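Supplied in structure tokens, the structure appears directly below.
Think of it as A, B, C, D and E in the order they're written, each chain with its own count starting at 1.
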């Protein structure tokens, strides 16, 4: 019975189906809001579904000097690790695969899709992909620092109360802490980390101001230049699910609480909150800023968000 | 008198380090390594010294209460250390000859293709 | 911390988008728009002025002998035309007219051809003059030849 | 199993790839204006893709200059099936005013069959959108033929 | 029989070296078999020691020439193998066997092959000897033989000027290091008139005099020179780069592991100084600096082996930081990372060797697109690259995460943050190697490059599988290998007790308390097997959906002939000379920190004297630090 429930989780709720539908709907909403901000009608909400199925119908061309196996395996590996991550993220007290260290698993599993994109890009053997992956790697270096510092701050903050001083890495304990004394972003020491994490999401998802790696015009979609047909469809799906996973992680870390207890209502509440987070972190930035150069991204992320995260780490140490 | 040994060891060691660090000629560096090594060997020998002790060579019959020997262990260590010093110097000199063959000079400022 | 355009972006989020819904209502092209060519064959006098003046040489004329004159067909190849309206200006008879119609989509070349044929009657032969021309003096004959 | 969905997908989200073979940029700014808020082709799912591998509709503008000839051939070959070639404006159709010049290598149909050609120099954004809608139907037919 | 196992493990290698020196060039096959037998026997003897030492938990001691201690005074040379030295011994002898297997085919094109094998066996014998010995001067002799053999092996390709230059630099710096160790040994002997580690440990038990502190400082700097910690690391890249790859695999696999064992033995067991916060801080600071400078220099390299050399420096920085934390978790993390580092770094050096064997160059700017011609090497490289940069299913992830967790719990938050950034930069530099050497355009001169022969691929596959197994079953690795070793490190009373007879230790250690049993929920690592099932189910679910969804492999159009459709899109150009790789990657990072990179480039100027100066300065600084802070 337990195994059956687990397989049900994997295949339906937080697993494959939810990610597929939720991710693409979120991407559709994001595109629609962006269009509306530019005073144009914009595509329907389910436009990403059309894109996905259209790409399925297209022919998949594998370039001659590409490393064929790595080229075709990369998107699938990225997708699977993303779905595994979404299994670990608790939804207001309900978490299918809760363990005592799933924050670590989440951080490292979130690097696999980025690495899969890089390996896929370099396996395609195209010079544009070469430039794209070098920029993607610098982007990873730039956002990893503030993200990790803010997560350490949260771990320490929650650990001080619940885990008798030693930091905790378990997301369910973080949710439990927020259930007891209010969402984390209301705490004074957590507000800088909240802002820092909000700034990290667009670069992690690769949305406009920081999508230097997949710049359409300059380097023809960077690592994705040689992909067509099904692998490209999976990469676009990865992009959408990454948006869903990052925002639901953000909601769990900062905005969650005791929740209503009924799974369905909690799931919808979580989804709505992640739409709000998508709007504030990704769509607004996409509408009002232009694309940054690579070293500007690095300089930006290693100054402002890192300072904010360090500030919150120090505040936590002072026991605020 | 034993104090003189320790002072000369220190001088030898410091002199050896000085030549290795400042001399630009590869041959002089090897000499510096030798100096450093013999400084320590001298220290090693003078550690085992006991005033008035005789050489630690004896047969069982001579072993009686009154005999008083110098400590034999550092002497054995010094032997090994001298052997090692000789091998290291031999290898270093072989390398210096090869450098001269390849680079045509012994000046360490010129012998630096591997950098960065 | 000044965010550029943030106010406009959020304001336009709640205002009506300024997109014309094209397929439902097709807006009319502005006044004086040089669109699709319409050729009135009846007005044309086959003077060839438009051919000479057309820069890309999009206008071609074919003439066939017909018993009472020659059948002239003018063919305007819209795929080659730059819509500069010179042919309309130079046509003495205003036979060519560029309308405001702009939806010129074609799958094969044939749809882009605008043709017009008319029969240009040969000028009526002068009535057969009576036969008797003889008495005219001999000396003015050569003058007529070398005119 | 997904065939019906793929057909709907092709119809609702065709991606363009703009190939400028020496055009005077009149057609290019018209094509870009198609995705501005006023005409907004994105509501039909049209998006300008970065690389030919992602494209379904290849919009060619400009007479094929000798410099861009073999690049055109190579890029056209790199687009995955089912693909549709759309000629924008009259240059690719017939090299417009530039035909016969030493550096123009002739109309586009010497190198690839033109599926839809949008006349006009430059064609109005509405004309381009109508042409693209026509191209999407051809794309669906090609996909059915390909199955 | 178990009594004689330690000496047998060492002697077989020395005898092998002697026999190979006799055979010379006459018979190649015979020589190879002798080498293989020698290394394999030594590995078997070490394995046989596993049951008594880790199985039953006692310690094997062996007195050379049966000179037992007389009235609690050790006069002979004693070998002592406890759980810590056996842990090191196991993976060192394993990598010796694999390196021997690899070098049979790899050295074929070189001249003077028998000299190579003599030196190879001498080096491995001296490392095994260093690990199993319990005598201070014997440790010095073994370190000296190891340095001597590595210098000769660095300059093995003496037709290349760089190799000879690297050899000379290595012997100059190495001899300074060895002299410092000898000086420390002499001073300890002057103080206690004995050379046996256990006895010294007994007498040194919390009564530090000035001379013993002086010896401590010199010993630590001497081993730091051997382990190539940062200020003394200048020689390492030259030596690793020019030595044959099977030897640079041993350099990074066993030579600096032996030096790490030396530091562990001296600081933990002999001096029991690790409970002093000042010594801990010194090691942690030294490890973090090594970690950071190693990886930032690696990012700027454009030679494959030189990049790997800088990485082994930075990974050793991790190990030193782990050991410096002196908490149960920290030592476990450090030891586990030492094991993992030998595995994945050895793997990467063997890949570099395979690339050199196949193409003749390791310069990243010239290489490109080898994955098509050498698929297995490329796959092995990917496994090695992912495990060194700590991507979950591989072993690097486990040990790095234990070190982060331990350093964060021990209150060193900046160390954790630097360690994480270094790990991301490691990933960056290996992506750079993957893009410039294995993927991208295949240059014309490597058109008909062949895959390396089987005898080179077998050791690579063995190490790759160990990397994966280490990552998937970490709890079994730690239970059987690392926790006993960490216990042995933290509880030196038992070490002294067994060596010097029953009541000797009780004189000094009033409490023979056992080390805190390291039972921790394996921090940061969920049961990996459940993970694998998860991945498997998802993969199954996904392929099911994919096959139904009409993108079954039939649709992939792929062909090898010259057709423009399968060319790479390069805006229409023919993409021949368009390979992006080597030094033009990570422009953003290099431009952003250009002042730092220029400074680093200036410091590594290649002059031997400056390297020697940096060693002497480190010695001075450490001496000052130890005298002022360590009480």
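Here, contacts are C-beta pairs under 8 Å (C-beta built on N, C-alpha and C of every residue); 3 or more make two chains touch, one makes a residue touch a chain.
Predicted model, so just to flag it, every value in this text is computed and none were measured.
In contact with chain B and with chain C at once: which chains are those? Just list them.
Common neighbours, chain B/chain C: none found.
How short can a path of touching chains from chain B to chain D be, counted in steps?
Steps on the shortest route: 2.
Report the chain whose mean Cα position is at the greatest distance from that of chain E.
Relative to chain E, the chain with the farthest C-alpha centre is C.
Tell me, please, which chain's centre (mean of its C-alpha atoms) is farthest from the centre of chain D?
B
What are the two chains with the most C-beta pairs touching?
Greatest count of contact pairs is found between chains A-E.
What whole-number Å value describes the gap between the mean CA coordinates of chain C and chain D?
The mean C-alpha positions of chain C and chain D differ by 28 Å.
As a quick test, compute the distance in whole Å between the mean CA positions of chain B and chain E.
Chain centres of chain B and chain E, defined by C-alpha means, are spaced 30 Å apart.
Cα centroid separation between chain A and chain E, in whole Å?
35
What positions in chain B touch 2 or more of the other chains?
Not one residue of chain B touches more than one other chain, so the list is empty.
Going through chain D residue by residue, note those that touch at least 2 other chains and give them in order.
Chain D, residues with two or more chain partners: 2, 6, 37-38, 40, 43, 51, 53, 78.
Could you list the positions in chain A whose residues touch two or more of the other chains?
In chain A, residues 35, 38-42, 56-57, 59-61, 128, 220, 225-226, 229 touch at least two other chains, as defined above.
Okay, what are all the chain pairs that touch?
Final set of chain pairs in contact is A-C, A-D, A-E, B-E, C-D, D-E.
Considering only the defined contacts, which chain E positions touch chain A in the complex?
Within the complex, chain E contacts chain A at residues 369, 371-372, 375, 378, 382, 386, 390-392, 397, 401, 405, 408-409, 413, 416-417, 420-421, 424-425, 427-428, 431-432, 434-435, 438-442, 521, 523-526, 531, 534-535, 537-539, 541-542, 545-546, 549-551, 555-560, 565-571, 575, 578-581, 585-589, 591-592.
Once bound in the complex, which stretches of chain C touch chain A?
That would be residues 3-6, 9-10, 12-13, 15, 17-19, 21 of chain C.
Please output the residues of chain D touching chain E within their complex, sorted ascending.
Residues 1-3, 6, 51-53, 68, 70-75, 77-78.
Mind listing the chain C positions that touch chain D in their complex?
Per the stated touch rule, the residues are 17-20, 22-23, 26-27, 29, 35, 55-58, 77-83, 102-107, 109, 112.
Show which residues of chain A lie in contact with chain D when the two form their complex.
Touch residues, chain A against chain D: 31, 35, 38-44, 47, 49-61, 128, 214-217, 220-221, 224-229, 232.
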